[in-house]
Structure formats: C-alpha cells, structure tokens
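What follows is chain A paired twice: with chain B in the first complex and chain C in the second.
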Partner chain A sequence: MFKRNNKLSISGGSAGFQKILALSTLFILYIFFSIFGNNFFSVATLVNILDSSYYIGFLALGMTFVIITGGINLASGTIMMCSALLGGVAYNIWHWPIGMSLALIFFVSTFFGLMNGIMIAKLKLPPFIATLGTMSITMGLGAIISKVMTMRYPTVTDPDGWFKFLFYKTSGGFPVGAVWLALFLIIAYIILNKTIIGRYTFAIGSNEEAARLSGVKVDRWKMVVYTLDGFFGGLAAIMYAAAYTSIIPSTGNGIELYAISGVVIGGTSMSGGIGTVSGTLIGVFIMSVLKQGLMAMNLQGQWQTFFTGFVVIGAVLLDIYRNKKANQVKKD
Partner chain B sequence: MDELLVCMEGIQKYFPGVHALNNCSFELLKGEVHALVGENGAGKSTLMKVLTGLYKKDGGTITYKGSNVEIHSPKEAQNLGIGIIHQELNMLPHLTVAENIFIGREHKAGPFLDSKKTNNEASRLLESLNLNIDPETKIQDLTVAKQQMVEIAKALSFKSEVLIMDEPTAALTESEIESLFKFIKQLKAQGVGIVYISHRLEELLKITDRITTMRDGQYVNTVKTADVTIPEIIQMMVGRAIYEEPKVQSMVPEDAPVSLEVKNLNSKQVKNVAFQLKKGEILGIAGLMGAGRTETARLIFGADPMTSGEIYIDGKKVNIKTPYDAVNHGIGYLSEDRKRFGLALGLSVKDNSSLSGLERFSKIFIVNDKKAEKETNAYVKKINVKTPSIYQLVKNLSGGNQQKVVLAKWLIKNCGILIFDEPTRGIDVGAKSEIYKLMNDLVREGKSIIMISSEMPELLRMSDRVAVMCEGRLTGILNINEATQEKIMTLATQRN
Partner chain C sequence: MKGIKKILSLAVAISVFAVSIAGCGSSQPSSTGNTSSTGADTSAGGSSSKPYIAVISKGFQHQFWQTVKKGAEDAAAKYNVDMTFDGPPSESDINVQVDMINSAIAKKPAALALAVLDTSSVTQQLNDCKSKNIPIIGFDSGIPDAPEGTLFATASTNNENAGALAAVSMFEDPTFQEALKAASTDKPVTIGVQSQDATSASIIGRTNGFINEMVKKCETLFAGQVAVTGHEKFKKAASSGKAAVNIFVTIPPSSNATDSQNASQSLLNTKGLIAAYASNEASVNGILAATTDGKDLDRANGKYKNITVVGFDAGKAQKAAVKNGWFLGSVTQDPYSIGYLAVELAAKAIKGEAVEDVDTGCKFYTAKNMEQSDIAMLLYD
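Let's look at the complex of A and B:
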C-alpha cells in the first residue's frame, strides 16, 4: 500500500501536490469557521455541508474526466436541470411511476452527453462551442416540454416518499446522499485510474495527436468520456430533485461554473492531462464550507460566490507558477 | 578584420544540482563566423543564454567591444547589439513582414499606426541586405527560409553587430541553405560577427572560420576550420572516435520473405509509390525536404487519408484507414517530431510505453498495472532507456531516451514493421550510435525497418537498400553495394 502511494506521488505530478494543498485549505477553512462562526462546529453544519455538495459533486466528477481530456462542458448544469425537468414532466403530467421517471432522467442526460461527444469527436467542434450550444438547447428544451411550469418530485409525506429517503436523507436524518457520493467517487476513481477509459483520458489530454498515432481510437474514447459526463449529470439531477423537490424551468446555467471551479481547485489542469477525482471532491467541499461558514458569520450566498472566485484564481495561479518552476529547472 | 567583438572568459553557471558551465571561454571577432559545437547538454545554449542575458552568470567576465559588461536581460543584450535567431522562429504568421520587423516599436502618426512609414523603413532595411521580399507580404505566405531571413533582418534592425544562430538550417532545403549561406557571407562582409550553432558538421566546414567545441559544460578548444576534418570535430565533441563507416554489403538474403508491400500509393503529396520491404531489412528512404517521404510513411500508417493504394502485409492485403488499423497490423511509426506526434510528455515512461499495447494488459476494461509495469521494466532494460524509474515523466528525459520510449511502445505492442522517421534528429552523437545499434538488433530479431533520413552517412551506414524520392515520386531504389552519395543526390533531384 505504501509503495503504491509512493508511485502515485511521482506520476501524479503537480496534481498530487495541489491536492494536498487543497486538503489543507479545506481543514484550515473548517477550523477558521469553527472558531469565528456562530454554531459552525456542529453535526448539523457538517450535514449541511454535505447536503449542499451532492449535485455539484456529481457534476464535478463527470467534469473532471472532460477537463482531463482537455475539453470543457458548459452545458453541465443545464443538462442536469433539463433531465430533472423531463423526469418531472413524466412523473407529474404523464403520471409515470417514479422509477421510470428516474430512468428517463438518465436517458436524457446521457443522451445529451453523447450528443456533446458526437459534436466534439466526430464533427470536430471545439468543446467550448459545442457545449455552449447544448447549454442553450437543453435550457430551452426543458422549458418547452414543461411548458414553463415548475415540476415537483415527491416529498417525504407522499407515497413515493422513499425516493427522498433513498437519495437525500433517511427518516432518521442520516445524509444518505453522502453515501452515494462516496460510492460514485470510488467508481469514478476506478474508472479514471484503473481502466482503459481513464488511461486514454489522460493520454488524450496530454497529447491527442500522439495518442491517435499510438493507435488509440481518440474519437471513440472522447465520446465515451462525454457520455460518462452526461451520466453523472443524471445522477446530479436525481440528487438535486431529491434535495430540492421543485425544479424550475430555465434555470441551471451558472451551475457548471461551480462544477468547473471544484475541478480546478482540486488540482486538475485546464490544459488537460493532469487531474484527480478526489481532488475535485475536495474542491467542491471547499466551496460548500465557504458557503456554510460565511452563512455562520452572517454573510449570505453572494459572499460565497465572491470568495470562491479568489479560491479559483489562487488555485490556477498556483498551478501556473508550479509548472513554470518545474520547467525552469529542467531547461537545458 | 581582427577586431575583437565579444570575449567571454571563465564563465561559471550553476543550476540546482548541476554545474552547467565550468570555466567556459569564447571569443568572436568582427566579420567572423564562429561555430559552437558539442553534444546536446554540452552547454552551448546555456553559454549563449548567458551572453544574451537570459541567464545570470555565476562567475567570469564578458568583454564587449573592449569594455567589461554585465548583461541582465535580453533587452540589454539587444541594446548592446547582440541578437539571437532561435531554432523555432518567433514570427506572427498573420502579420506582414514589416509589421513583424517593427513589432513592439511601431511607427505612429498621432494615436494611429503609420503603416506607410513602417513599410518604407522595412523595405529600406530589406534592400540594404539585398533581400528581395515585399514588406507587405504576410509571413505565412513566405517559405521558411524567407521567414528566417526576415527574422535575421529584424535582429539586424536593432543595429546588431553580433548574431547568434541556433540550428538555422534545421528546417531548410538544400537550395534554401545555399541562399542562407550566401546571405551569411554578405553579413560577414558587412562586419557582423556570427555565432553559428549546428549539429550538421558538413555545414561548418562550408561556412565557418573557427570552431569552438564544448563538452559536459566545459570548454574543449578552439580551432581554425581549415585545419580540421569532420572525424576530428566529432572526436573533440565526444572525446572518442566513432565516425561511421558505410555498410558495404547487405546481409538480407535475396529470397527473404516480403513483410510489407505497397502498390500504387497516392495522395495529394504522394504519387504512385510502390516498394517492397523484406523481413529483416532496413529500407532507407532518401530525398530532399518536401519529397513526400514523411507523407508516404503517414499514408502507410493510416495517419492521413490516401486517395488510392494497396498495402500488403506478409502477402495479405490489408485495409488501413486509421493508425488504429495500422498498429493492429503490427506497424509502428516513430515520428521525426517525437514531442508532437510520439509522446504524451506529461505522462510517465510506463504510461507512454504501454499506451499502444494497453488492450493486451486489460481484461474487460480494467488495466492490469502489474503486467504493464513488468513489461515496461523489461523493455526499459532491454533497450537501455536511461531513467530513474518507469514512473519518471517523459518530459524529463533526454531526446535519445525519449526516442527509446517511443520504440518501447511499439515493441510492447509487438510491432514487426517499424517506420523510423529521422530517427536521430536532435539526438546527440553518443546516443546516435546507440540508436543505430538498436535498429541493427531489431532487424536481426526479424523485424523490418523503414528508415527515412536526410543524413547521407546515416543512410549509407544503416540501409540494406535505399529508396529515393523526389516531388512525391519514387525515383529509384539502390542496393547498398551500389549506393553512393552522388547516385542518391542524382535521384533525389530527378524532377519531371
């Protein structure tokens, strides 16, 4: 076990270092708010921190793969909302059983993931543009199909209330969502580090043309990555529906920026080829701790947004600075 | 004529853990072309970076035109009159020649750019250098050689009296090199002192007056070019004699089985190419820059689409549309530009070496890293990749070792046909002979090699047969016992 860690720190490069830094930042912030915030140091707050991390956590896990290939998904938030809305339409208006509605959520989100993949890998659109288009399409489509009506998922008192117990909190208040997040963190870790998909994800991000000339079917694996990202969008949609119950049309854009921020804070390089899923989750938690902590200091959401910006800029600056230093030493 | 322009004495430079320059000296006279040679890592570029203010020296003195100077930045070097032409050109392709020359010090008329004045100044500059280039042409519309001359003109527009040229001929064709040399001679006559860094030793004999050799960060000696031969220069560079003898006779039997055959290969740059590659053979492909050699290799490898053509492997017709197909038919391609086309620089030796053979190490989708590590270790040892561990990032390896990592990738995938495109470009003399030895070992094991090369000695030393291309066509195939530099050049220039 020790030996393996040792290897990771070598091949993980700057992502490994930045992950440690992000982890320390997380702890320092937590301790800071525990001292200076009102009632911050409590189980209730810890649960709140977890609660507000679920859906962004899943989006960010999917986004990690995309960013490691050197791409981006601007439609991440709207794909989540669109699939949640469509699932809601199926449940509220078409009166589908909840199980089938959830399946529809996955179908919709994975479909749009695949669509991103086809546009980027086969039609060679730049990821920024392709997903910018998908962002608009999904935001519009959700509003069209829901006829701009808010969709509702079952609450705890409904017969289908198990849905909330299963994906959000048990009747005893246990944050079961955290278990799902942990489970999919492990799954994402395995995919990224132990499978061909993950290995090719890094190779494509590090040097796409060299990967192609090594006999890697770059197009195919890029589509797989974007489809996987879509699937994680479906998971996020379910967590969102379970936590917030109401899905409001024409929302969701802007959420992708939090997902991207989490990924970047966690040490994944925007230029591709470097990154970890655990770092991403740490990045997401940093944002949640900021949010809850600032609230405990009587500063509202806008302050979280404000400070998150500094954390993102700091993380990227650090990445650039470290890369520059590493390059200087080996020159000549 | 004998006025001393630059004199560097006792220069010291330390990097963390490395004594990069140890007591180095160099001098440059007015109107002299002075070559600086040495293996990669010998300290040539470091010494020049000290001279141009990119690195701070840790000891020693620099005298410029008789007075002691401290150069702290490239800007200061420029103000003194020391200019450098880098190997990679620093031009903005979408801007015009004039705009490029005056970038950063534009002529203005009030708040606006004065393009008339810019163009006039530029054409006066170009005329003074006898360059027939329209200042309003966009850089991207010029040939690489012309671009280079614009870059030189730009350097001279700073009133440079010292010009450092780092591998100026690397991207040029024979005729372009000729015109560059003519240009250099003219600059020389105008009294410019030129530091000429190059790996192409034949060129040094043609163009330089003196040669200073460096080895392992130390000054070796300075000699008059007229007094030395190429083997002597090599010996000074490496500290030992390893000049290559041409191969006299091919050891491949006449009736050896054909492992690769291409017929009627066509694309935009390749016209009707057909040849056979025998098992255990090294087929050299010679030709000038732009003859379609790399393009032919990329067609065979499926990297570019072909308009027509047939490929047979071991006598069976195969359909190669993508590199994936080629690799699965056992073809491996080692590009001349490893960093762009061969390696994921940010990944480890292990991840690079196992990339093509990854499916072999995997069940369903899960990668068996133990197996990948074992095989990588075995090949790293076999072909002697010098790396602290297989988890070292490839970007930290030297050129020769990077080349070996690409080779390891194809050997792990068990490719029987290897295409080496300029296998020793950018690799220093010592590592070169090691690559040659490896190639010989590989064919002895029954692999077949296509070797594209622009270096005559390399072609004559390694090939069993030499195929020569010109303007996309195959103009002839010579057996090694009949091949000479003259015959190859004749075929390489046989235009229609």
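Let's look at the complex of A and C:
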C-alpha cells in the first residue's frame, strides 16, 4: 500500500506539470485569436466558447475516471445521443412531462454505463471491444426507438423550454451551463481525490494486479467507475439537448474522440494511473477555443479537427516522455 | 536542467504552431476559396467599411453547394459586400451548424443568409438577431417555421412543385404507363421513393409533392386502389382497402453513402417495382451505387431494365445516367440563382429595401434536352 501511495504522489506532480502547460497553451491560443481573429475578443465569443464545450466537458469528466483506470469508452458519444433520443421519444411521442423525460435520460445513460462496467469487469471483455459493441448497440437502439425520426426538445418560446434556462442559458443570456460544469467539476474533483472511489480508480490504473492483491475489489470499483461515466453521459445529453434542441438518430460516433482528446490534452495518461479532472476541462476548452478561434479567422470546422490532431499528438508525446523519465528515476 | 530545455523547446513549438495558424488564416481565402474574394479583409480584423454578410449553408459535400456558393460570390461582387460562405461537413451536423451561426453572430454581420438544418435548434439565435436588428434571409430549404419577424425573405425552389414535376414526367413516360396499366389488385405494382430523411422541409416537400401528384394521376386509372406505404410519415391506405398501385417510401438510417446504397439496393429488389424516384443527390447516388453507376438500368440489357428511374438535382454521375438514358430524367433546381438571389436579398435588406420570397425555379431534364443552353446552365457538375 505504501508503495502505491508513493507512486501516486509522483504521478500527481507530473500531471500537474502538464496541466500548467495546457493552461498556458489555452491562454496563448486565446490571446493569439484575440489579436488575429475577427471580433474574437468579445463577451459573445467567450459565451460561444463556453456553450460549445458543455457536452464534451461532461463526457470528458466521466472519461477521465475511465482512462485513469486504464480503460476507454468508445461509446461515450453514442450513449449520450441514445439517451437524448430516448428522452426525446418520451417527451414527443409518449407525452411524458419534460422533467420525467430528463430523468429518463439519466436512467438510460447510467444503465449503459453499468452495462459497460459489467462487460468489462465481470465478463472480462477488453474495454475497447466492449465499448465498441455498446457504441453500435446504442446508435442502433436510438434509431430503432425513434423510428429514425429527429427528436426535438422544447424551444425557448415553449412553456417546457424552462429546462433550457435552467441548464443552458438564462433568458438574459447568462451562460448558466458554465455554472453546472463548474459544479460538477468540483464534484468530480472530490470523488477523484477525496473518496475511496477515486483512490481505487488510481490504484486500479497504476497496477491492477497489485490493487487486487491488496484486497481491492477491482471488479466492483471498475463497475462503479463505468457507471459514473454513464451518469456524466446523461448530464452531457441534457446539455446537448438544451444547446442544440434537435437530436438526429444514428449520430454521436466521433464525439467520444473529442472527449478522449480533452482528457489526454489535460494530462491524463492513456496507460492509466495518472490524471486530473481540472486538466481535462482545460483540454476541452483548448479545443473549444481552437474551434471558435478558427471560425473567427474564417477557417472552417475541418481546420479545427486538423489542428486538434496536433494538440493531441503533442499531449501524448509528452505523456510518453514523462513515463520514460519516471522509469529512469525509478531505476536510479 | 534538461527538463527546462524541453519546456522551452515545447514553448517554441507552440509558438510556431500558432504562427502557422496565422499563416493559414491570412492566406486561406485565396488558397481554398472558402471565403469570397471580396471578403478577404474581414479575416484580418474587420476594418473594412463594406457591409458583411455571413452565408451559412447546409453543407459543402455536394457539388450543388459549390454552385450556390458561386452564385453568392457573384452577387457579393455585384453589390459590393463582404461575404463568407460556411457550412457543416454533413447534413447531420446540427450542432456544428449551430456553433457556426453563433460564431457568425459574434462577428456582427450586417445580414445573415441561412439554410438551416433544423429550425428549432436555432430559435434562440434567430430571436437574438431580431433583437439586434440583423436581417435574416433564407435560401435553399430556408428556415421553415421561423419565429415571427425574424425571417425577411427566402430564395428557394418550390419543392412541392418540383416533386410534382417529377411525378408528371414519370407518369407521361410510355414505358411507365404500359407497366402501370398491367397492374391489378392481385398483381399490384410498386413505385419506389427514396428520400434522404423525414426531417428537412425541402426533402419532405419534394417527397410529398411527388407522392400527392402520383397518387392523383394513378387514381385516374385505379380509383381507390392507390396506397402509400413504407415510412410512417407518408403512409396512406388505399380507400377501397385493396391496392393495385403501391407507392413505397424508403428512408435510409443516415445520409451516409453506404446507408443510401443499402436502402436503394433493397428498394430495387422489391417485388413488382416498376419505377423509382430519388428526391435528392444523396439518394440518387445511392441508386447509382446500387446499379453500377446506373449501368444496370440500361433499357436494353440492364439487370433492372424494366424500372423507370427519375432523379433529382444534377452532378456528374447523375448527368451521365440521364445522358445514357439509364434514368428517364431528373428534376434540377437552379443552385446558381439560389446563391445569387440569397445574397441579393440580403444586400437589399441591409439597405432597408422591402424584400419578398422568390421562387428560384426548377426544370425536368432528359437525354434529349440536357444539351440545350437554358437547361445546360442549370446542370452543375
């Protein structure tokens, strides 16, 4: 046990370094676009940056836990879309009240999180394969239940549109979604750093076998982590519905890559055992600033995708370099 | 010490990266042409005094949009305005388009021209423009059910008419008539309709326009024996209870090429199929992919030689299929006019002139008339 704690303190410091690097990248990018972008330095753009990061932000928070255990969730984006679609079906077709429909979103996403957990922890499927399967299942299921029809959530002018004011933006234009994101950042931080869930998350990711031998019920805690990830998927789904209103069936694959990118840019190691939730959000904001900034320079979305690739590769290279360094220290 | 060196080199790398973006930013308008030539100076910080019009389309992937863009560029040059032309990578990317519209509004445009993927997803933005007095012009499928007072005018094809034109042209074809007349309630025939989605108003309009006109025409031969089946949105039972003519609507699960092709494949193998109508370029591409670029529809020796196909839009492969007689013909819109008139309406709205909706028109082209100059100019590659 002592050894594990010792390793923890090393990894914490190391992730902290990459976090500072990510934070400075974020500021440099922001200043850069403020100088060269067309009307980039404005409150409106700042709000746009926040607006377009909510759903990826929540997905990435959940993904951080999963990646710290050394796992991955490729179904993250499709679970979000599937639960949003099902909530939409409940609201539009079964005529459930909006509150119940939102509750269904959580139920569905948490269920699929649990399903991932069971497949990975109990059935011993590799996370990559298990969640690849879930990706297909959720994408298909959403399309089946919605009968391939786009599901619409109430707009701001609708009496049920209150949920947008509550989760996305107040009628005065205040980006209340940012408050939710901040709140859940704190909650995720506490879970990861102050509770047993977080401690075992790191333990499993650092050395699963060692954790098992120390008496950690690895299977159970893995299931908890994937279920938690599912819950964050539900939050993302509500944010997505509040921000974009219409949910198209058979979409959502590809979004998980942005969530994974955010996590990696933020300094979480793909090999597990190292990571912070605040770094993850910085990673998400870097992508968001890139997106809005490139648009302010009249460069289209494909340029964002292109440059995000470089940032991700840079972050992973840094991770590899850091691991090498850590190993050297150990040998010495 | 080694670590500090690494950090420094990384910092340098980041600055190089940043400068390279700057390079792309300023050279971009001329290199990839996403921005019109007249809009070059907006990217440098918006110091220009010309009014700025942001045009946001539904996509870029089809040649159709490139022609729309050309029309928009020509109008921007004529009316001396700055113009940018953007669009999401695919027509399922509602979130990307919403972000684009948000970003365009942050640039404080004098007017917006939009072809929205989904109106309810941008209600807030439309109201926002209204309160900021930014005129909004719709183009192509426009902004169906826009909140009152937000939409100034729309430049678009009347899709119901366009769909009806496809139905009339198909119905007047002698081969089709012959196959249709052989139908009975014991041996019903099927007319297939492939539609990209049941979401976009333009596609629903073309599908409905075709179905309604075809039902009307077929009812003259088979009163009360015409049914519409397939997708729930369009379903209609035959009034006599038994159908001799069955109009079957298929909608692939997504707009991607494989799904379109699979849908077309199963449509073509439907028993009793005598004709098929594809209501946009993506659906046509599905049919072309399922028929070896249309070759299998050859009237003399093709695998599906008895099936009469009518398409929609143009594009290289579809034009070839029409030219070879594999397709009976296709309905074309006028994308150039759509782009041109959209920017023209926007420019007029900025000046405070009254604007109203314009129909940008459509034509049915066949192997016989597609070389005529008035038709040829509408057929983009």
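In this text, the second predicted complex is superposed on the first by the 317 of 332 C-alpha atoms of A that agree within 3 Å, B and C clash if a C-alpha of one lies under 4 Å from a C-alpha of the other, contacts with A are read in each partner's own complex, and residues count from 1 in each chain.
Following the convention adopted for this analysis, contacts are C-beta pairs under 8 Å (C-beta built on N, C-alpha and C of every residue); 3 or more make two chains touch, one makes a residue touch a chain.
Since this is a predicted model, take the numbers as computed values, not measurements.
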Touched partner set for A:Ile274, first chain B, second chain C, both or neither: first
Between chain B and chain C, more extensive residue contact with chain A: C
Partner chain(s) touched by A:Asn116 [first = chain B, second = chain C, both, neither]: neither
First (chain B), second (chain C), both or neither touched by A:Ser261: neither
Contacts of A:Phe202 with chain B and chain C, given as first, second, both or neither: first
First (chain B), second (chain C), both or neither touched by A:Lys194: first
Partner chain(s) touched by A:Leu213 [first = chain B, second = chain C, both, neither]: first
Partner chain(s) touched by A:Ser250 [first = chain B, second = chain C, both, neither]: second
Residues of chain A that touch chain B when the two form their complex: 7, 10-11, 13, 190, 194-197, 199-200, 202-203, 206-207, 209-217, 273-274, 329-330, 332
Residues on chain B engaged by chain A in the complex (per definition of touch): 15-16, 20, 41, 43, 45-46, 49, 301, 303, 322-324, 326-328, 333, 335, 340-348, 350-351, 355-356, 358-359, 362, 365-367, 369, 389, 391-393, 395-396, 409, 413
Partner chain A, residues of chain C touching it in the complex: 3, 6-7, 10-11, 13-15, 17-18, 21-22, 24-25, 28-29, 34-35, 39, 42-46, 60, 84, 86-89, 92, 94-96, 98-100, 102-103, 105-108, 117-118, 120-121, 123-124, 127, 147, 197-199, 232-233, 251, 253-254, 259
Touch list for chain A against partner chain C, complex: 21, 24-25, 28-29, 32, 36, 38-40, 42, 44-45, 48, 51-52, 143, 147-150, 152-153, 155-157, 164, 169, 240, 243-246, 248-251, 291-303, 307, 310, 314, 318, 321, 325
